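In what follows, structures are represented as structure tokens.
There are two complexes below, and they share chain A, which is joined by chain B in the first and by chain C in the second.
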Partner chain A sequence: MADVSPAARQGAPAARPWFGLLVAAGVLLLLIAAPLLPAVWREVPAALRLPLSDWIEGGMNWLARDAAIGGLAFSDVTRALAAAAQWPIEALQVLLAEGWIHGAGFNKVQLVPPLSWLGITLATALLAWRISGRGLAVMTLVAGLYLALFGLWTSAMTTLASVLICVVAALVLGLAIGIRAHRSPGMEPAVRAVMNVMQTVPIFSYLLPTLLLFGYGPSAALFATVVYALPPMVHATVLALRSVPPETLELARMTGCSRRQTLWQVELPVALPRLAIGLNQVVMMTLNMVIIASMIGAGGLGYDVLRALRRLDFGAGFEAGMGIVALAVVLDRLTQAAARNQSIGRRRLWSRRDSLIALALLAVPTALSYLLPALAVWPKGLSLTSAPFWNAAVSFINQNFFDPLEAIRTFMLLNVMNPFRDALAALPWSAAVALLALAGWRLGGWRVGGGIAAMAMFIVITGYWLPATGSVYLTLLAVAGALAVGMPFGIWVSARPRWHQPVQLLLDTLQTLPTLVYLLPAVMLFRNGDFSALIAISSYAVAPAIRYGIAGMAHVPSERVEAAAMSGCSKWQTFVHIRLPAALPTLLLGVNQTVMMALSMLVIAALVGTRELGQEVFTALSQGLPGPGITAGLCVACIALIADALLKSGAARAARHQGEAHA
Partner chain B sequence: MPDTPVSRPVAISAEGVWKVFGPDAAGFRARPAGERSPEAMARDHLIGAVRDAGFQIGRGEVFVIMGLSGSGKSTLLRCLTRLIEPSEGRILFDGQDILTLGEKPLAELRRKRMGMVFQHFALLPNRTVLGNIAFPLEMQGMDRDRAEARARELAEVVGLTGREHRFPAELSGGQQQRVGIARSLTTDPEFWFLDEPFSALDPLIRADLQAEVQRLQQEHTRTTIFVTHDLDEAIRLADRVAIMENGRIVQIGTPEELVTRPATDYVRRFVAKVPPARVIRVSSLMTPAEGDMAGEPVSADATIAEIAPRIVAPGGPLRVLDGQGRPVGALDRQSALQTLASGI
Partner chain C sequence: MKTILATAAAAGVALSAPAMAFEPESDQTIKLMQADWTSMLVNTEILNIILSTYGYDVEKVIADDSARYPGFETGDLTMAVETWQTTQDKAFNASVGTGKVLDMGELGPHAREDWWYPAYMADLCPGLPNWEALKSCAEAFSAPETAPKGRYLGAPVSWGGFDEERIEALDLPFEVVHAGTDAAMFAELQSAYERKAPILLWVYTPHWAPSVFEGSFVEFPAYEEACYSDPAWGLNPDKAYDCGKPQGWIKKMAWAEGEKVWPCAYEILRNFTMDGDEVGNLVYKVDVEGQTVEDVAMAWATENEARWREWATCAAN
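This part shows the complex of A and B:
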């Protein structure tokens, strides 16, 4: 009702154009005045530089080489840990991928074969059938057959082995930390703050210190992955425990439960549905990280993709990429089904007889593989491959559409991307920091402004200002692309309920795909370089844009739309004056989510040769330099936190205005 | 003396119980009596959820706590079990102050002698009906088979036979609360606490379960503290009712006393809709017996509404018998009819 009264509508938006104009004028003025500024304010003076990266480097090296507690060298401890971690990895490898092998080279004999691919596929399909239904069972079968017949099985099982171990470790640790954090309320905000930063630091930055401490190899990847997947599990645990109704806790006290009994018999079982959602997140994050970590020697599907990319064998890369997709989708759907069963109280899905059948399904093909080796490892000669097809397709496209594709690429690079990049790079740091702080102050008060200024200054004094502008340029353009495609599409879909489910499924699938997969099509069409990176980042970040587009429109209070209809608004007027303003807070959160996704993709995109912070991290990784790697990673985190602070305050402001109009 | 039970030994007694929430709740004890008015406490942002509650509950009595939402019923009930630590006062179970008990003896007291039914059932979703009912016994360390055998008995008592192996999600709300009731009784407690056990259920099922509680109480009389905001429920179940307003108990009495002699306007408004015949008992209307008399017998304990059919039938005065079947008086049909007709 209130929104049709003119007074209610005026107050809110009136302040904003004024603010936008001010910022625009400020930017323009700065660009014009930039050359007039004293050099100190334009380029970061050496005196201001904090050798943080050197300190980290020194600290890490000291930890890795000299640190000792009473004669026991720290490095010995970490290497021992690495060796201990190696053991379960190898055990699972033997079980799933390689079997028991004696000797090497020509004398290599396989004493015991690994579990047969057929057995694993069938047993998993049975599980899928029981906990979800026929659809997922068929999907599992198809995925298993694809991996086996296309010769990806061993790699896939190597990846799966790492995923399983990391998930178990992250689960146990995450639960333990989460339970602690839940019990001591003082600890919780601290944990949350650490988690927030950890989630914005790019993936590679986790790899560096672990490489240094645990040595090059699978256990370093394992430790990095566990650390990376820990935050969502801790978070999920705290939320899940907090959701236990107070009455249920009173029941525990009235029945005289001990602390242990309360935890195991009451709190955890009641919290299980939410914990299962956390498990799903952990599995997907772990898979993503394991794929990335293959680059430091863990092997597996990620390594296959990377190797193919290096050989420019796009077909093989694509095939391995599809293998990752198959694995990701099956893992996601399985854990989601488990979580859903928990929350709707579907039980008794798996009987003792099913366990026996599953065992038989595993054992029989494995036993038979003594006679029929094809059941252990699908013979290379019989492997299907679609690689030549994809390669042919790529060369076909390149032969026939080279000109238009190249024209698009060149046009974008010359007219949009490079000018924008140069403009950002030319922006004096002092002015940029001031502008950011001003925007923060206007949107969220002096606290937000101060925080933003501090984070921006961190980038300045650590000496990563220039690469940071590169990151901002790529991110902004990619976000603009993702929003330009995603938001209108989401808004369009929101008005068509029949489309909701298929689009939702598509989005779910897009979001389960590990980041590496997104690089492939871009590189196949546009080769290395910024434009491919832009496409890959945009397509990775488009899912939240669509999702929030739909959600934003769904949240428009229906009585406002009715009021508009009653006052004779046209469809377009209703959209512009009613729906869009009401959806704005949600849409802004969508923008925020899109930015976060884009930033997390940045480092992966560095693989195709960008020049920005992601590249700094990646280079540091390949050279084994933890100092620059970690510092550049923290700078990416700063950018993410700045964007987050700005957009969240903006969304909160918009929501307040909407609330006022509503009241 | 309405604050003490009539002709029953005292089982629970509360003396000067306060429960205060707020930033400086710890400093409450030091406040002089003059500083404990609602206004004075509000000035310091203190909420007196329970204010100076004192009463005695007799063994086997059903004591109902009533009041509007936020009047402090749940808080008072939880003070009695020490799920909430009272700010001040004494709470005696058989003369023993439970506020001085250590953690172990308190847990033991709750395990062995108390049972509680919750508003939202508080069932464990991962356990079957049997598993839920057996839960308190299992927590005491009883082995599973024995606990489940006992749980089976209770499932039968509350009418859940045939559903023992269902999970809570597979039961209706009424059935879930039956599980809650059974679970609260597995340990055969002396003290039974129920916090609005039926307010989440729809009226028909609520009536069923009220009848169930009455039946259980007849089979095995327990000292029962029952919280509700449903006056009808209170009248049906209560021996005595305590009415709370803003944390204070404004009146304690039998339903009949509340209706016939409300202590304050608040209570009067509360009970205004109750037909007197539902609460007034034969014993209040009868005249002393004059020698031997004929007439149809009625129980002195019955309410007028309960014997309505016999009142409206033609005839002379009714013969009033006490619990042992001895004649104690006569009931004039005319005065009974007046009561029956008033308040309709």
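This part shows the complex of A and C:
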């Protein structure tokens, strides 16, 4: 043991602790000296402001109303796209959710029922059994029965129809862009930059432009969702293609493959396992969007959640939310199983006979549903519900535990949150920008520092500096909370393999259960305001903290741990001196992901009355102003990208030191 | 098997349909806007039943309350049964002013929104509902972070409402805390009501809350247009907003061009009116009794068939 740790210390330049102290001293000095600075350097002067949001507003209006390419109005093009996208969604909805209906109002008659819930559940379970095994088949059956018996089936199928189309669209587009970016290395950084912005701009800020261009309804929801779910697919494609061994390409070239043949017959098949990881991300992110998509006309489970919460029926909201989780988990496990099969070369799992059985499973219950309507839609009278229990539970907690909870809230608000918020707001913008740039320069060189300075200045000149400090305050506190709970828990779980599966399920639930479902009970117990927002953001951002806590520990080289054990280290010494430093780069990436998740929740937290960038975006949406919405959204993206640059450079430094220490 | 059944069912439709001579003027789709509050959902479904019974191709499109106007100006949305003066006054008038949107008259119910308190608070602040009582018993409404000032839970920022200005103009010892959404606002009301805890918040009607929670609106000096625009008006000679909030109409609106496409459907919409209590009752059935919107609307349509057939005289022959 004793010979490892000093080596690590020698590898790290003495600059690091010195640097930390410097930053701390700098912040302190700024807080003290702030009032001494001339006002221009403290508060953003009006002369510095760029009317960017007005320009965007004008541009959007022009694009939606007047823009034309050779006589063809731009909005006509987007409308035609929307109509084209609408068609497959509607077709799937007829098949899965609604059946074929003739007439309406007093003359409404259902001619053909939709596919029976029993048939779809059984056929999917068969698929799960073939490609994975009994465990997944049972899980699929449980999910299907849950949706049917709790009266969520029709909504779930409406959601599934749009989710499937979104996934296919994001997959095809992501592949195309990724392949293009891979082939022309000059384009790749630009594509990556655009994708990073797309991923970090809050969805609410481009919802309105989407509505202007594509009209209301499921296809607008489709386009907004694809924008959100596309980036991980593009990143995964580029990474996957890059990982194809050069020898393989060489072989393809020598056997005389054309470029197209190489792509389709060599590169893509070899890259398939990694592509599948991208697909998996697309599925999860699409289901993340279900609630927001339902706000602009996608309907389905997301709409059920919104409706239930509007009448404060927390139980019904929770049930519909768990329906989304059930869909997400089944889709996720199916795609993961398919990816695993590909990577270990298991093929021919699905025979022709299976296709016939699946068809029969679909057709027989559907045909029988003419005689037995319960097979088409489970009768309302026989539906199960747990809603009264959840409502009673929330009400019980409210009546019996409100006072202690209120004491915690008041303490946090008065002693931690408000002082921190005010301190950040009091930081002079000029000094804060300089400090950020300095940190970037120290961690990653002058390019990182310059980039950070530019992004911080963007926030300053668009006039969103003050709300941005509000966002940073909420995000930092939420991230601190999520890390304090999540990382130790993840590290604890990593040593206990038996816990992995249940924890995985818990994490998937945290990530796909719509936040609103627990946001409103939080409001009942903690009132409207920042404290409820903080709880909602933390509980969403805790998932990546746990995930990376587990992953970081899993990647510690076992020979190092063994060496430590042989040299007689205690468990604690091994942890502090071997495991933790080795896991540090992964843990830092986990911090990065936690920050990203927290930032993406800001807009949802605005629903309980925060005062920061998320609220600016949300308000702009409800007032129908695309300009401020997009500008404030870009400011959120800037905060995300600054945090990303700092943490990634920090992680790279930590990884370098690890490498040096063991070189 | 399926085809036979389908044919049989189609034949059944043809037979069971009343001998309707009416042919809709156009087979283009009429798009009914629905936002997310209950009265609008039920009223939209009722209009949907009526129009589709006469053979119109109707589709319900979900849209946000305030984000609706571009949709109506371009024809993405055809009709809306509810536009509330209390929140949409300015935007609605501006949109009608473009000439692309029609004011289709009032629906009937009277919209009101203002400061509201649960009945049990009257014991702690005996002077209520008169607003002047708030001056002396602000502390009864306070929270730790606002004490000794009272805490007033306002609506989402985007709804406007001028509550900060009202507090200043009337010199009320209160602080405004904005709820993020409608649902969050009523979640806090339910929480406080269950514990009989102090609360003063923004409530609006028609809504289910006043029928479930007992309480009253605070009576401010009645609103007049001059109160908002002219500082000299009212108690405070230097400041505007020294009065309550405007009460007002709920109007129907429609895409102007559509009048030429479906004149009869537009006439039906103009005749479509509801009574305030009637709407409150329908909302109660959905939100408190938990019936579905479709069932409640269909039950209304069955009970009131003679009434809505009268609205549709243009489609009668």
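Quick notes on this one:
Assume the second predicted complex is superposed on the first by the 555 of 663 C-alpha atoms of A that agree within 3 Å, B and C clash if a C-alpha of one lies under 4 Å from a C-alpha of the other, contacts with A are read in each partner's own complex, and residues count from 1 in each chain.
Rule of thumb we're sticking to: a residue touches a chain if its C-beta (ideal position, glycine included) is under 8 Å from a C-beta of that chain, and two chains touch if they have at least 3 such contacts.
Bear in mind the structure is a predicted one, so any value in this text is a computation, not a measurement.
Annotation: superposed three-chain arrangement on chain A; chain B versus chain C shows no clash, the two fitting side by side. Look at A:299: by the touch rule set out above, it reaches chain C but stays clear of chain B. Working from the superposition on chain A, the chain A vertex angle toward chain B and chain C, CA centres, sits at 150° in steps of 10. Once chain A of one complex is fitted onto chain A of the other, the partner contacts of A:344 are limited to chain B, with no touch recorded for chain C. Within the superposed three-chain model, A:523 lies in touch with chain C and out of touch with chain B [touch as defined at top]. Looking at the superposed arrangement, the partner reaching more residues of chain A, out of chain B and chain C, is C.
With both structures placed on the common chain, the touch criterion links A:367 to chain C but leaves chain B unconnected.
When both complexes are overlaid on chain A, the residue A:248 reaches chain B alone and has no touch with chain C. Within the superposed three-chain model, A:256 lies in touch with chain B and out of touch with chain C [touch as defined at top].
Residue contacts after overlaying the shared chain place A:264 against neither chain B nor chain C.
After superposing the two complexes on chain A, the shortest C-alpha to C-alpha distance between chain B and chain C comes to 40 Å. Those residues of chain A that touch chain C in the shared complex are 64, 100, 102-112, 208, 211-212, 215-217, 294-297, 299, 303, 306-307, 309-313, 367, 370, 395, 398-399, 402, 406, 410, 413-414, 418, 516, 519-521, 523-525, 527-529, 605-610, 615, 618-619, 621-624. The touching residues of chain B, when paired with chain A in their complex, are 78, 81, 83, 107-108, 110-111, 114-116, 118-122, 124-127, 135-136, 138-140, 167-170. Within the complex formed with chain B, the residues of chain A that make contact are 245, 247-248, 250-251, 253-257, 261, 265-266, 269-270, 272, 344-345, 347.
Every residue of chain C that touches chain A in the complex is listed here, in rising order: 1-2, 5-6, 9-10, 12-13, 16-17, 31, 33, 36-38, 48-54, 58, 61-67, 69-71, 74, 76-77, 91, 143-145, 153, 156-158, 177-188, 190-191, 194-195, 197, 208, 286-288, 290, 301.
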